[in-house]
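Common to both upcoming complexes is subunit A, partnered first by subunit B, then by subunit C.
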Partner chain A sequence: MREMHGYAGTILRINLSTRAVSREPLTEDLAADYMGGRGFGVHFVYREVLAGTDPLGPGNKLVVAAGPFSGVFLPSGAKTSISAKSPATGLYGDSNIGGHLAGELKYAGYDAIVIEGKAPQLSYLFIEDDRVEVRPCENLRGMGAIKAEKVLKDELGDEFQIATIGPAGENMVVFASVNHDIGRQAGRCGMGAVMGSKNLKAIAVRGTGGVPVADMGALRKVADEMFSALAANPALKVWQDQGLAQVTTWSNSIGALPTRNFRQNFYENAEALSGERMRSDIHVRDKACFACPMATGKYCRARHRGETVFVEGPEYETTALIGSNCALQSIEEVAFANYMCDELGLDTISGGSAVAFTMECFERGVITEEDTGGIEARFGSLDAFVEIVKLIAARQGIGEPLSRGVRAAAEAWGGGSQDFAIQVKGLEWSGYESRGAPSMMLAYMTCDIGAHHNRAWSITHDIAVGRNVIQGKAAKVIELQHVRPLFDCLGVCRLQWVELGLPLEYYARLYPAVTGRKDSWDDLLLKSERIWNLVRAFAVRERPDFGRADDQPPRRFYTEPVPDGPLAGSRITREDLDTLLDEYYDLRGWDRGGRPTAATLERLGLGDVASELRAMGRIS
Partner chain B sequence: MKVVVEISKILLAVRPGLAERAELDLPEGSTVADALAAAGLAQGLWGIVLVGDRVTNVSAKLAPGDKVTALPPVSGG
Partner chain C sequence: MKLDLDRCTGCKLCQLVCSVVNFGENNPKKAGIRVISRLFTDARYDVVVCDQCAVCIDACPVGAISMEDGVVRIDPDTCTNCGVCVETCPNGALFSHPDVDYPIKCIACGECARLCPRGVLDALAEVGKVAS
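Take a look at the complex of A and B:
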């Protein structure tokens, strides 16, 4: 087989129902058109998960994929993408994770694993180079995600890279996460629930091979320049000190910090949740992903009611959604709640949002102590937080509707709670309240997986151009929606670019050095646009009514002005939202109903997709 | 009182037209916030600010010869 630079050259396919293991060559076309990581996930999920498939049934497929930069010695080639049809949204979903899994997968000889079917008993996937086995693991049932990883490490050896789920994943909570590297998570879209639906508790990988690259001299030159530029950056030390926790103070100062279920965007107690307080009060040690000098992982200690725990985090998103959004009082309280979510295997973003939603419902009388089983679910109570997430993970009591996300819980509880169920497409909103940031609002509305910030983070664009300006904002959102997910396709962390300012030119030079392909950066962005449109096509194929109505924020954001803080009184109007969407759809080449036109799909090399959707009567 | 303000490249991308390095003459008693404003940076465009190599509060008073470095807000990945 011809060596494919930047790739292991093989897709591993495992059917858990039959235990059948097969290997397929990675084709030149797949590598060229979809690059890797998220791109591979989108390709396999679109092509192999048919419309109407139950996300928690055996017909769904879980794709664990590295990219061409994964496991290669360049700044943080560390990213693994995990993709499937999401049980949270019913649409395509993915989440990525740092650490060391992606490189290990390639060293074992695989660019991606496609996992099908359902194991007859709780099992884990064992991969050691050519040796691939589905092993029973009933002894891990109900075990915390991090504890299970430690048990498997003890059994298999530290050199194995392992991903696990917790009880929430086993119980198919739709926002269950996947844990890796003792406390990092692929949190979004319920990939842990998909693993649980397949009776798959863990994936353990060990590889002893390497990754061929096209031009080692050129790679070393660019990588050396990148590492040197990072070392010379004065911001590096701040990152090494605080990691992502540093953003809390800033977010609060500009009126973006989610507070009390997004009623407010300013938290009067934010200083107690700051990165400085994390460092001074609870920090234990730093931790880095593969080949990363930023070391954003912060191990912390937290005590609550006589129990002492250790946790990686809390970083910003966790601090925002668990901390200010539930009005907790200290960074140590946030860290304890973070630990509970991590061990139970719950996404801290959706988990924090679900608890905050419950607290608001309780304080408004939508639910009572009778419903909560005696829990006084008030903002500010860590005890209530802990009890509610336990119920969610076990799917008991109020935890049952909450385990299906805030959209489903609002449908179950009524009482007007749909207005403040903070989600888009069924995925809970991450850490930036956006009534004073129209482009960021649009980014959340149009994010392909639901309300997540990482596809397009544009608040500084709003601040620079004008926070009340509506017209002209869509172009920036689209630009970011192509460049940021490109990093997820390449299998490399984007923090070095987006936070420390490494020029994109470096990554443009890395691509030919690693892969030997001649694509320019603009060529790569075009591939990213193709992938973005294929995700949209998945949604359009999935549901005849999918479209503009799915791109709406919760009613709270266009009916309630911001009550206090630096943006007191500001809000966005229904008309503003329509203007943003019209401009966005027009620039994307979609119709005003939010569906890609056949001409747009054909321009992107997706003519067969256009034909399929046209034959179904979904697009014109 | 002469101070220097350096602005990171990411901030320059968001706010083109600013100088990467500005030498400013400010009144005695000026704060970090005064220096950032004089360099043309609105609140919200910077995340953390260094004086020398130490993280500082923007209300801190500057001394002659200080170097202020404005770092971008963090985007959360």
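Take a look at the complex of A and C:
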């Protein structure tokens, strides 16, 4: 078999129902058109998970994919994408994870694993080079995600890279996470629930092979320049010291820090949750993903009611959603809550949001102590937080509706709570309150997996061109929605670019050096646009009514002005949101109902998708 | 030889660059250095690498190992890959790989020390200076 530069060259396919293991050659077309990581996930999920498939049934498929940069000599080729139809949204979903898994998968000989069916008993997937086995693991049932990783490491050895789920995943909580390397999570979209639905507790991988590249000399030259540029950057030190925890203070200062279930965007007690306090009060060790000089992972210690725990984090998103959004009092409290979520196997973003939503419902009388089983679910209570997430993971009491996300819980509880169930498309909103940041608001509304920030973190654009400016914001959002997910396709972290300003030109030079392909950066952006549209096509194929109504933020954001803080009084109107969406759809070549036109799909090389959707009467 | 292990973040860039420089491959298992996670037990990382103590030289039954300019080297042509040195090494710093027919060890090229973002391996760079 010919070497495919930048790739292991093989897709591993496992049917858990039959235990059938097959190996498919990675085709030139798939590598060229979809690159890897998220691109592979979108490809397989669109092509193989047909409309109407139960996200928690055996027909769903879980795709675990590395990219061409993963495991290669360059800064932080560490990203694995995990994709499936999401049980949170009923649409395509993915989440990515750092750590050491992506490279290990390629060293073992695989660019991606496609996991189908459902194991007859709780099992884990064992992969060591050519040896692939589905092993029963009843002994791990109900075990915490981090503890299960330790048990498997003790059994298999430290060189195995392991991804696990906790009890929340086993119980199919729709925001269950996939955990790896103690404290790294693919948290979003319920990929842990999809694993649980397949009776798959863990994936363990070790490989001894290498990743071939097209031009090792060119690669070494670019990589050396990148490592040198990072080492010389004076900002590196603060990233090494505080990691993403440093963002909290900044976010609060600009009126973006979610506070008390997004009612506010300024937390009066934010100093107690700052990166400095993390470093001085609870920090134990800096912890890096593969080949990363930034080492933003912060291994910390937290004590609560006589229990001492270790946790990687809290980083910014966790601090925002668990800390200020639930009004916790100290970074140590946030760290303890972070640990609870990690061990139970819950996304800290959706988990934090679910608890904050519960607290607001309780304080407004939508639910009472009778509903909560005696928990006094008030903002600021870590004890309440801990009890509520335990109920969610076990799907007991109030935990049952909450386990299906805040949208479902609001439907169950009513009382006007739909207005402050902070989500889009069924996915809880991540860490930037955006009433004073129209492009960021649009980014959340149009993010392809639901309300997540990472596709287009455009809040700095709002700050640069005007917090109240509406017109002209869509173009930046679209630009970022193509650039940022490209990193998830290539299997490399984007922080070195976003936060330390490493020019994109380096990544453009890496692509031909690694893969031998001639594509320019613009060519890669076009591929990313194709992938973006294919995700939208999945939604349009899935639901006849999918469209503009699915791109709306919660009512709170266009009916309640910001009550206090630096942006007090600031608001965004329904008309503003319509203006943002019209501009966005027009620039994308979608109709005003939010559906891609056939012409747009054809321009992107998705003619067969256009034909399929047209035949269904979904697009014109 | 004193490595500054308190500063290690477990990124394994040292393993990766070792394979790139010495084998022309992206393959951290084909490297003369290992980062081991002790997070679960001790909240820290360990780095295992040869300190050129030379114990393996006497242990080798075929005389394939020698000291050159302060660096212990294995002659691949003489080595029979019997594994005695791997077993004997007091630091566990000789590594077997299924695709390489002799044990892999640090030859003090200094590349990992140059790239380590935390200066953990500066002591290795000193060995390199002695060697060159």
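Worth a mention:
Everything below uses one rule, namely that the second predicted complex is superposed on the first by the 620 of 620 C-alpha atoms of A that agree within 3 Å, B and C clash if a C-alpha of one lies under 4 Å from a C-alpha of the other, contacts with A are read in each partner's own complex, and residues count from 1 in each chain.
By our rule, a residue touches a chain if its C-beta (ideal position, glycine included) is under 8 Å from a C-beta of that chain, and two chains touch if they have at least 3 such contacts.
Worth saying up front: this structure is predicted, and the values here are computed from it rather than measured.
In the overlay built on the shared chain, the residue A:W457 is in contact with subunit B alone; subunit C does not reach it.
Of the two partner chains placed around the shared chain by superposition, subunit C is the only one that A:R285 touches, whereas subunit B remains out of contact. In the superposed model, A:I254 lies in contact with subunit B only, and not with subunit C. Applying the stated contact rule after C-alpha superposition, one finds that A:Y316 touches subunit B and leaves subunit C untouched. Applying the stated contact rule after C-alpha superposition, one finds that A:A412 touches neither subunit B nor subunit C. Residue contacts after overlaying the shared chain place A:V72 against subunit C, while subunit B stays out of touching range.
When the two structures are aligned on the shared chain, A:E499 is found in touch with subunit B, with no touch to subunit C.
Looking at subunit A, you'll find no residue that touches subunit B in one structure and subunit C in the other. Listed in rising order, the residues of subunit A touching subunit C in the complex are 71-73, 100, 103, 107, 150, 153, 158-159, 182, 207-213, 216, 220, 227, 230-231, 236, 240, 284-293, 295, 297, 299, 310.
The part of subunit C that touches subunit A in the complex is made up of residues 7, 9-13, 16-17, 19-20, 23-30, 36-37, 39-40, 43-44, 97-99, 115, 117-118. Within the complex formed with subunit A, the subunit B residues making contact are 8-10, 13-15, 42-45, 47-48, 50, 53, 55, 69, 71-77. Subunit A contributes residues 234-235, 237-238, 241, 244, 246-247, 250-251, 253-254, 276, 315-317, 430-432, 453-454, 457, 459-461, 463-464, 494-495, 498-501, 503 to its touches with subunit B in the complex.
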